[in-house]
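Labels for the chains are A, B, C and D, by order of writing; each one numbers its residues from 1.
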Amino acid sequence: MAGNSFGALFRFTSWGESHGPAIGCVVDGVPPRLALTEADIQPYLDQRRPGQSRYTTQRREPDQVEILSGTFEGQTTGTPVSLLIRNTDQRSKDYGDIKDKFRPGHADFTYQAKYGIRDYRGGGRSSARETAVRVAAGAVARKVLGSGITIRGALVEMGGIAVDRDAWDWAECGRNDFFCPDAGAAARWADYLDGLRKTGDSCGAIIEVVAEGVPVGLGDPLYDKLDADLAKAMMSINAVKAVEIGDGFETARLTGSQNADEMRMASGRPSFLGNRAGGILGGIANGEPVVVRFAVKPTSSILTPRLSVTRDGEDTEVVTKGRHDPCVGIRAVPVGEAMMAVVLADHLLRHRGQCGG
Amino acid sequence: MAGNSFGALFRFTSWGESHGPAIGCVVDGVPPRLALTEADIQPYLDQRRPGQSRYTTQRREPDQVEILSGTFEGQTTGTPVSLLIRNTDQRSKDYGDIKDKFRPGHADFTYQAKYGIRDYRGGGRSSARETAVRVAAGAVARKVLGSGITIRGALVEMGGIAVDRDAWDWAECGRNDFFCPDAGAAARWADYLDGLRKTGDSCGAIIEVVAEGVPVGLGDPLYDKLDADLAKAMMSINAVKAVEIGDGFETARLTGSQNADEMRMASGRPSFLGNRAGGILGGIANGEPVVVRFAVKPTSSILTPRLSVTRDGEDTEVVTKGRHDPCVGIRAVPVGEAMMAVVLADHLLRHRGQCGG
Amino acid sequence: MAGNSFGALFRFTSWGESHGPAIGCVVDGVPPRLALTEADIQPYLDQRRPGQSRYTTQRREPDQVEILSGTFEGQTTGTPVSLLIRNTDQRSKDYGDIKDKFRPGHADFTYQAKYGIRDYRGGGRSSARETAVRVAAGAVARKVLGSGITIRGALVEMGGIAVDRDAWDWAECGRNDFFCPDAGAAARWADYLDGLRKTGDSCGAIIEVVAEGVPVGLGDPLYDKLDADLAKAMMSINAVKAVEIGDGFETARLTGSQNADEMRMASGRPSFLGNRAGGILGGIANGEPVVVRFAVKPTSSILTPRLSVTRDGEDTEVVTKGRHDPCVGIRAVPVGEAMMAVVLADHLLRHRGQCGG
Amino acid sequence: MAGNSFGALFRFTSWGESHGPAIGCVVDGVPPRLALTEADIQPYLDQRRPGQSRYTTQRREPDQVEILSGTFEGQTTGTPVSLLIRNTDQRSKDYGDIKDKFRPGHADFTYQAKYGIRDYRGGGRSSARETAVRVAAGAVARKVLGSGITIRGALVEMGGIAVDRDAWDWAECGRNDFFCPDAGAAARWADYLDGLRKTGDSCGAIIEVVAEGVPVGLGDPLYDKLDADLAKAMMSINAVKAVEIGDGFETARLTGSQNADEMRMASGRPSFLGNRAGGILGGIANGEPVVVRFAVKPTSSILTPRLSVTRDGEDTEVVTKGRHDPCVGIRAVPVGEAMMAVVLADHLLRHRGQCGG
């Protein structure tokens, strides 16, 4: 209710601040007898981990996950899985200068206004550091989904430069610093970011996440539609300002005859000749790949001075020092994948509960 | 859990099918001692009501709302408010031909796949008729918000034709058939729709909803962010495929120095020099207008024959007769306003619960 | 959240006041393709219906239930089932004299204090009339449970007179006015109640509900234990002040060696040689009959004058005229059965969701 | 949903097994700007801590609590409070002999049946060790309630020996090993327990928890009644089999004229001349002390051999070695207090949310 949990049957509750001793979450509702050890979770955390290229924050966090409960002899027991990640590289002194100034575009101001108090060190609870927890929960969710469902994400646009969809190669995502499926775009982004970093500025990005193998029937009408839950999940990620399913905003510019994905029988089952719907009709998965895209705004912590006010109500200017991602969108790729996994795992259990099977 | 409720503290539960005896909802969590009669709700239903222009379905529904509980002598009592709207003009025979065929782009197929049964008459539960219930719940939510918060919606793009923002006039929305704030665009849309109707086709649209006067501090980090809940609310509306907050996808194309709304003291309180953020930072309202936009895909029930399959697994073609909106986006405007009201009312009560005031 | 819903996956939301136009509920999460018509629900309502003997209120309510949604051609569709029961015999004038006086032991005072307003006619929302809704929801829950689970209730003590357990005959419950399994006790209760009615007083009762055939494994540790949910369900019934599972309070007077139900293999599966645990261990069903008992306090609306205060803060005396049950415990029997059914149906779906099968 | 969370607005989620590395919980919804450090929590844990007298298990656990998040400079920030307690004295080898045998009366069998796997070491998740987490969460809840609400618990019956209510002295609870308010009863219990321990048997107990200063109006009709939530809270504690409010089962033996607490104006506000209702009418607090009693069954881990079965379906006998409380009811006193605090804190926030003030 206070906003730190996600999901209904598969549900995780997140806690922790950027500069506290640790962050973590409790994942409840994990079915029993799934193989689960730290080794199932760590690779996803490693993908998101900061400090791996010159394009992400230079904060060094090993992000080693510990499972504190919910497994026995390498298997889940049906009881809550508590995950813990220690914070090791918090240079709190870097952040002292923003103790009393609100960064424009940042949650500093709204947290202060809502709660009358805030942990200003590194953004406290509103720090993107919290997304490590989402990635850990997502890794558990993937175990629930099993090997039949594949979830992959990619950065598809940065600084106004989009990938060439004809050049799309999922394998390429693992070869560059951007989770970019198009080697050409990755090269252009590298140049663009190098330029930005010199000016101390930042940029936004668009991420696409695709789930294949999603069973027909997942999702609940009307208010817990699969796409509604995905929209909430993605919009809840730090700095996200927009979400679309399938062809999204583009569908508003089409006619009904252009937009509707026609159907034919194929291999003995109904299938679709297109996927403008992004795999979801009426809030329920139709068997095609589930496709979500979301926009990440530019990092608001930048070196360029911006007009602001102090906590005491004085006009001021603010410059954010410290170590920040020039494009938080890059590390949002594994986060988006994780949230897709969590939403699907939750709906898988919900569907099984109400409809069996 | 099965998807027919929305909200936590202010929570409504919807029920009813297009061709059943009635539709309705139960609104729980309404604070006591608010003035509330049917006359507070009916005007909003009248805005959404079908059959009011040649651009919406010709189904004639008076959509008279009845309050069955939760008020006493014209005031709310704190107990659940049950609202009922009778269905009066259900010509079930119109729909007999789609009993066994799935309309491409429609929820026919997914409901059948999920539940193994569906009420095919007029779309059953997946019909846009259900949105009347949202509008009714939204009218109750407005009473909770009080007169200090203003919620207004407008159609801002149809068939690829966008409104001229310099010509924006909220009053104009009440003068044309499209909730369009720009008389020039309204005229062009009328021509466009007349053309579409002749071919039996349909089109999509983009809606913008703006809430002014939202108190600073509404919204909960991290997973129940105000924008995350708005994204879910809007994406849950029939045929919606995309949602954005403030400048949305556009922010992904900006630099941090361009995007961050700078701050200055004004009238003794912190205020913002821009509103790219759409009134929300870190998931919490910052005092600026809350701005949401969403895309409605074209109606999937069209007269143009489309390839499909039957329930028995045969290839077929389908043509949807019956009375349908050529652009469901038009009537989505009051629905979007209603969902905005519901989300804000819920967060108002949640904020008061956790933070007082 | 505001207290009018029960259950998680199988969830019903109740609404309505004693003297409003109707009462009802929305049952969400009902699995699809269960046979369900009004005829499945009405018999349970008829059991609880007032005015059937001289031992219950003389208010005459036919309590005809209408299904407004969620079924198609006699089967559930997986969408919410809306149930409506009209109020027909509300003689509001009977209650005018308690408009400004609080009945001792009644919710009059607390509703007024909480909400600052109340519908005083017949108890409004706090009237036992609302329990008809529970019975209707319970009838739907029984369809979810299927024929393998049997739920039966009995009155086991009234006015200090307990049934003879050696004389227990379930069939006898249907033959007397008290749902009493012991004909001898029923006769003594009749005498006792006739005496009470002459003095205008009322009495309390103890009800026992037994569910047989409950699958091993239903229930969730730790906070949603099957017995914890049953305790909440029963304590939520009007006038209930105590709940126990199995041997309940008696177990506190036993030693561990006396209390633990020993186990042996029988018919190839583990079974128990006793059932002091009431079919639940660690919050999870163990395959033995689930046994719950609850105490109903005497009706607080009595003809005997009692000291009270007025809404304006004056000392006064109050005498409750109108038509009241001398022992609300009698009609609580079908209500207790219904709540048992609801709790089990909810846990059945939850178990299936998390653990499959 | 999977049963490890309690509360709605004030909500904690518990995790951990008896013999894992740690146990803990996340408390969400804590209002901001409350003073909170480990020193506010530790005294309550110390009360419950094992190994403090010869009447509780000899397991030695320091039960040092660590706050990992949600506070800043000694104050809550409105973000989730993560609490961690390390397990230090787990002698796993003690429990190896019950790996394959089900203890009669214990959750061993039902966990195995539900999940198909269990952490058998020390009862795993079903161990009473988890109640330390409840006590920690309860300490946070007390901060929410503030100093105006006093919560105290006492053991009132053990082995059939009840306290003398005329001798009741709250201060005495702190002077003996039993939280007993009557020095005479405490002496008799000491003798009784010494006898029991020699035979390796165990016994049950009854606990009473009283909250004074609860504001009129807390509680929600109809399904989240304050007493219904208390019943659930107490019944969810390990080994509890019965709960009653106020005079509980005794009210079923009274007439209406005997049972109803009469009212008079006193000090300018309505008050009650008795408190058979235990401070709750219609599910809402009436301003009198809230009184709850619950029964704890005897510890099922005893040295007396009992008939049982093995996991492989063979008849067997089981004797539980290891270190166990002869009467788990003793340490249930601070646990009951904690659950009272949690329920009240949750309803305080809920009431504030819906009704303001």
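FYI, a residue touches a chain if its C-beta (ideal position, glycine included) is under 8 Å from a C-beta of that chain, and two chains touch if they have at least 3 such contacts.
As the structure is a prediction and not an experimental result, all values here were calculated from the model.
Q: Comparing the two chain pairs, does A-D have more C-beta contacts than B-D, or is it the other way round?
A: Pair with the higher count of C-beta contacts: A-D.
Q: Please state whether the interface between subunit B and subunit C is built from the same residues or different ones, using more than half shared residue numbers as the mark of same.
A: same
Q: Cα centroid separation between subunit C and subunit D, in whole Å?
A: Centre separation, subunit C to subunit D: 26 Å.
Q: As a quick test, compute the distance in whole Å between the mean CA positions of subunit A and subunit D.
A: 39
Q: So, what's the distance in Å between the C-alpha centres of subunit D and subunit B?
A: One centre to the other, that is 46 Å.
Q: Mind pulling the subunit D residues that touch 2 or more other chains?
A: Correct list: 1-5, 8-9, 14, 29, 32, 78-79, 114-116, 125, 221, 350, 354-355.
Q: Per the contact definition, I'd like the list of subunit B residues that touch subunit D in the complex.
A: 1, 8-9, 29, 31-32, 78-79, 221, 349-350, 352-356
Q: Spell out the part of subunit A that touches subunit B in their complex, as residue ranges.
A: 1-6, 8-9, 14, 102-107, 109-111, 113-116, 125-126, 130, 157-160, 196, 201-206, 216-217, 219-225, 227-236, 238, 241-249, 251-265, 268-270, 272-273, 276-278, 280-287, 295-302, 304, 306-309, 313-315, 329, 350-351, 354-355
Q: Within the complex, which stretch of subunit D touches subunit A?
A: Contact set of subunit D toward subunit A: 1-5, 8-9, 11, 13-17, 20-26, 28-30, 32-33, 66, 68-70, 72, 75-82, 114-119, 124-125.
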